[in-house]
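In the two assemblies presented below, chain A is common to both, partnered first by chain B and then by chain C.
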Partner chain A sequence: MFNFNIEFNGEFFAFFLLAVCAIVGAVLAINFTKVVHTALSLAFTFVSLAGIYVLLEAEFVAFVQVLIYVGAVTILMIFGIMMTKHQDEGKERTRPLLEGLAAVGCICLFGILFYAIRSASFPEPADKLPADNTMSLGKLLYSAYAIPFELVSVLLTVAFIGAVALAKREPEEKEGGPS
Partner chain B sequence: MQKFWNDQVSWGLAGIYLLGAIAVLAVVIVFVTYAIYFERKVIGWMQYRRGPNRTGPLGLLQTVADVAKLLIKEDTIPAKADKALFILAPALAFVPSFLVLAIIPYGLNLQFADLNVGFLYYVALSGITTIAIVIGGWSSNNKYALLGGMRSAAQMISYEVPLVLSVVGIAMMTESLNLRDIVIHQEGYFWHWNFIPQIIGFAVFVVAAISELNRTPFDLPEAESELVAGYHVEYSGFRFAFFMLTEYIYVYAIACLATILFLGGWNPPIPQLDFIPGLLWFALKFAFIVFFLFWIRATLPRLRVDQLMGMAWKVLLPLAIANIFLTALGIEWWG
Partner chain C sequence: MTMLSSYLTLAAVLFCIGLYGVITKRNAVIVLLSIELMLNAVNLNLIAFSKYGINASLRGQVFSLFTMTVAAAEAAVGIAVLISLYRRRVTVNVDEFDELRR
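Entry: the complex of A and B
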């Protein structure tokens, strides 16, 4: 199980660097006390994951990940954090028993994942990836998967309109109120 | 892309990549230096002034002197600022702006990375700069900086949408997002360039791009009369210089993209002129776009805040979507 055979090519170095960055970002996101710092380190993890997608030759997924998660979701989070007041970022009291149990759970989970990944076999895919994978992705999305794709876009539109409707209602209530 | 991963890692290869990056950096810094000079001169002429003319012959060293002044200036960090983020923000703004330049094809064989998502790469990375601007404004712990940062982020997110949608028409015509394929598809006479069949897309692209660059008439994040100077009020010295550098690198990137997407890249206007090297044609069109940006800055007044968002969502977005439908109909009817 522990017979790693590592080739020191560009892929190895890139993967190693990106993996470390993703983990560091995630760990920092848990450990920071200020919410803005947490949001930023999450963004760092997202960017590192996008780098791993590029390594896997999924450029389209990688840059859409950056566009959506970093460009939109993180900025939205930061906006939300800045709009609200948050002076009371006090420290929670530590609970040693709970933390110990959590650590044991984490180590068990790591063991299971490590065993599963090392004992799994990864067969070569039957046919090679197409050269222009963005194009073939687009073709599949608009032919074989057209209906699910359209359904998802309808769902998003409904959520969008719902958000606008919810945001619009607030001022009217204020006008009717005692103030 | 895969060829990069399979190489054995050696100092030689790393050195070659490093040299390439340094070469681009040098070109960009020379561009930024003289773009600022050119901007001040052009606006000076348009306002019946002379512009910078004291430092060096014809004032050519003015920007160099300005940058030297910024570099030796005292580096101040406000006492109540969030120190780590305050220091991080300028670097975080600059890095994506420089990474964006990796995919720009200047000629058929003059390109660093041939990525098949092309334009999407630009939009994705420029979003990271938006985060840096918000963070810079927030970490300064200053009301004006925070307001400037917020305005900037809201504006950049809103105008990203029409910017992307305006390019969809081109992707449909070319059947590719690859920037090199887009230029190759525009070969022939100048009426084969994308700006004529995609005239609505071009208009939307130009307006959205100027807004993305935060330049007049959309420079609300830095509206001097309302906010002191925008998100970088508290910045001085070389940190401020980094924000400025980022801004001008995006001008470079947008001018390159407009050239590639709509003005035929390195293709000459008529094929008989192809004895002139493509790089020269690219530079000419690029210079025209840059001049156009300065021209607009000298001519138009600033928009009001309430008009700004309405412009993006009620005017540009419907136009861009209409352009997509028209392009689809055009492809269906005329092939």
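Entry: the complex of A and C
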């Protein structure tokens, strides 16, 4: 049922290295007490995932990953950390019961997923990806997926205008204090 | 036996770590970052199936691009809501964000 026969080629070693980097970054991000360390550690995880995308012949998606996640989302989160109070972290009381239950639940979920992945049989792919990946991806985006592409651009515009409107400082006479 | 199950296992590990962070962490910024980690695990699944699935095609990569766009919009709106809440409550602890009125 479980088949562990893995051929030890170059892709496997590169995958192993990048996967260890990604998992170590994620685990450290959960364990750090300072929020800035968490953000930087997750940026490390995102860079490792971009390397894994290159392994999977998705070069354009890897560059988009570096641009959006490492360049935009992490910096946005660091701005969010800097604009809020983050001095008194690590002093709050711990909740061992909740954390234990969450750990047990997450490990159970991983066990179910691992069992399903290992017991499934994946047939060999029938056809390969085209050689010039990025050009084919662009043609696909602008022919078959043109309408979703334009809708996504509208969504981005609306979301960013909404974000600016939400975060805009309100006039001072409304500051009545929390009731 | 292809490498597909290894990629799926890595995505499952990352998803579970992100889920643990979402449940246990109380700083709202870390909760948002953990959601980004979970979305990244889903993207890894999409791209792995785009190469190693039965019908290998670029459509998985197209879907992962759409997911990334929506995730970026979600992060921007989430941070804006967080800053707006911080002005009212002067805290980022998610346990204290328990009412919608002012």
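We take it that the second predicted complex is superposed on the first by the 154 of 179 C-alpha atoms of A that agree within 3 Å, B and C clash if a C-alpha of one lies under 4 Å from a C-alpha of the other, contacts with A are read in each partner's own complex, and residues count from 1 in each chain.
We take it that a contact is a pair of C-beta atoms (placed from the backbone, for glycine too) under 8 Å apart; a residue touches a chain by one contact, two chains touch by 3 or more.
Model, not experiment: these values are computed from the prediction.
S.K.: When the two structures are overlaid on chain A, which partner does A:155 contact: first (chain B), second (chain C), both, or neither?
M.R.: Only chain C; A:155 stays clear of chain B.
S.K.: For A:142, using the defined touch cut-off, is the partner it touches chain B, chain C, both, or neither? Pick first, second, both or neither.
M.R.: In the superposition, A:142 touches no partner, neither chain B nor chain C.
S.K.: Once the two complexes are aligned on chain A, which partner has more residues of chain A within touching range, chain B or chain C?
M.R.: C
S.K.: In the superposed arrangement, does A:10 touch chain B (first), chain C (second), both or neither?
M.R.: Once the two structures are laid over each other on A, A:10 reaches chain B alone.
S.K.: Thinking of the overlay built on chain A, is A:37 touched by chain B (first), by chain C (second), by both, or by neither?
M.R.: Touch status of A:37: first partner only.
S.K.: Answer with first, second, both or neither: which of chain B and chain C does A:64 touch in the superposed model?
M.R.: Both: A:64 reaches chain B and chain C.
S.K.: Who does A:72 touch here: chain B (first), chain C (second), both, or neither?
M.R.: both
S.K.: Which partner chains sit in contact with A:99 here, chain B, chain C, both or neither? Use first/second/both/neither.
M.R.: The answer is second: A:99 touches chain C but not chain B.
S.K.: Contacts for A:54 in the overlay, against chain B (first) and chain C (second): which applies, first, second, both or neither?
M.R.: first
S.K.: May I ask you to decide whether A:126 touches chain B, chain C, both, or neither, giving the answer as first, second, both or neither?
M.R.: A:126 contacts chain C only, not chain B.
S.K.: Do chain B and chain C touch any of the same residues on chain A, and if so, which?
M.R.: Of chain A, residues 11, 57, 60, 64, 72, 79, 133 contact chain B in one complex and chain C in the other.
S.K.: Taking the touch rule as given, give the residues of chain A at its contact with chain B in the complex, in rising order.
M.R.: 8-11, 13-14, 34, 36-37, 40, 43, 47, 54-55, 57, 59-60, 63-64, 66-67, 70-72, 74-75, 78-79, 82, 132-135
S.K.: Sort out for me which residues of chain C touch chain A in the complex.
M.R.: Those residues of chain C that touch chain A are 1-10, 12-21, 23-27, 29-30, 32-33, 36-37, 40, 43-44, 47-48, 50-59, 61-62, 64-66, 68-77, 79-84, 86-93, 102.
S.K.: Hey, which residues of chain B end up touching chain A in the complex?
M.R.: 1-2, 4-9, 82, 84-85, 115-117, 120-121, 123-128, 130-131, 134-135, 138, 146, 150, 153, 157, 160, 175-178
S.K.: Which residues of chain A touch chain C once you look at their complex with the stated criterion?
M.R.: 3, 5-6, 11-12, 15, 19, 22-23, 26-27, 29-30, 35, 38-39, 42, 45-46, 49, 52-53, 56-58, 60-61, 64-65, 68-69, 72-73, 76-77, 79-81, 83-86, 89, 92, 95, 98-99, 102-103, 105-107, 109-110, 113-114, 117-118, 120, 122-130, 133, 136-137, 140-141, 145, 148, 152, 155-156, 159-160, 162-164, 166-167, 169-170, 176, 178-179
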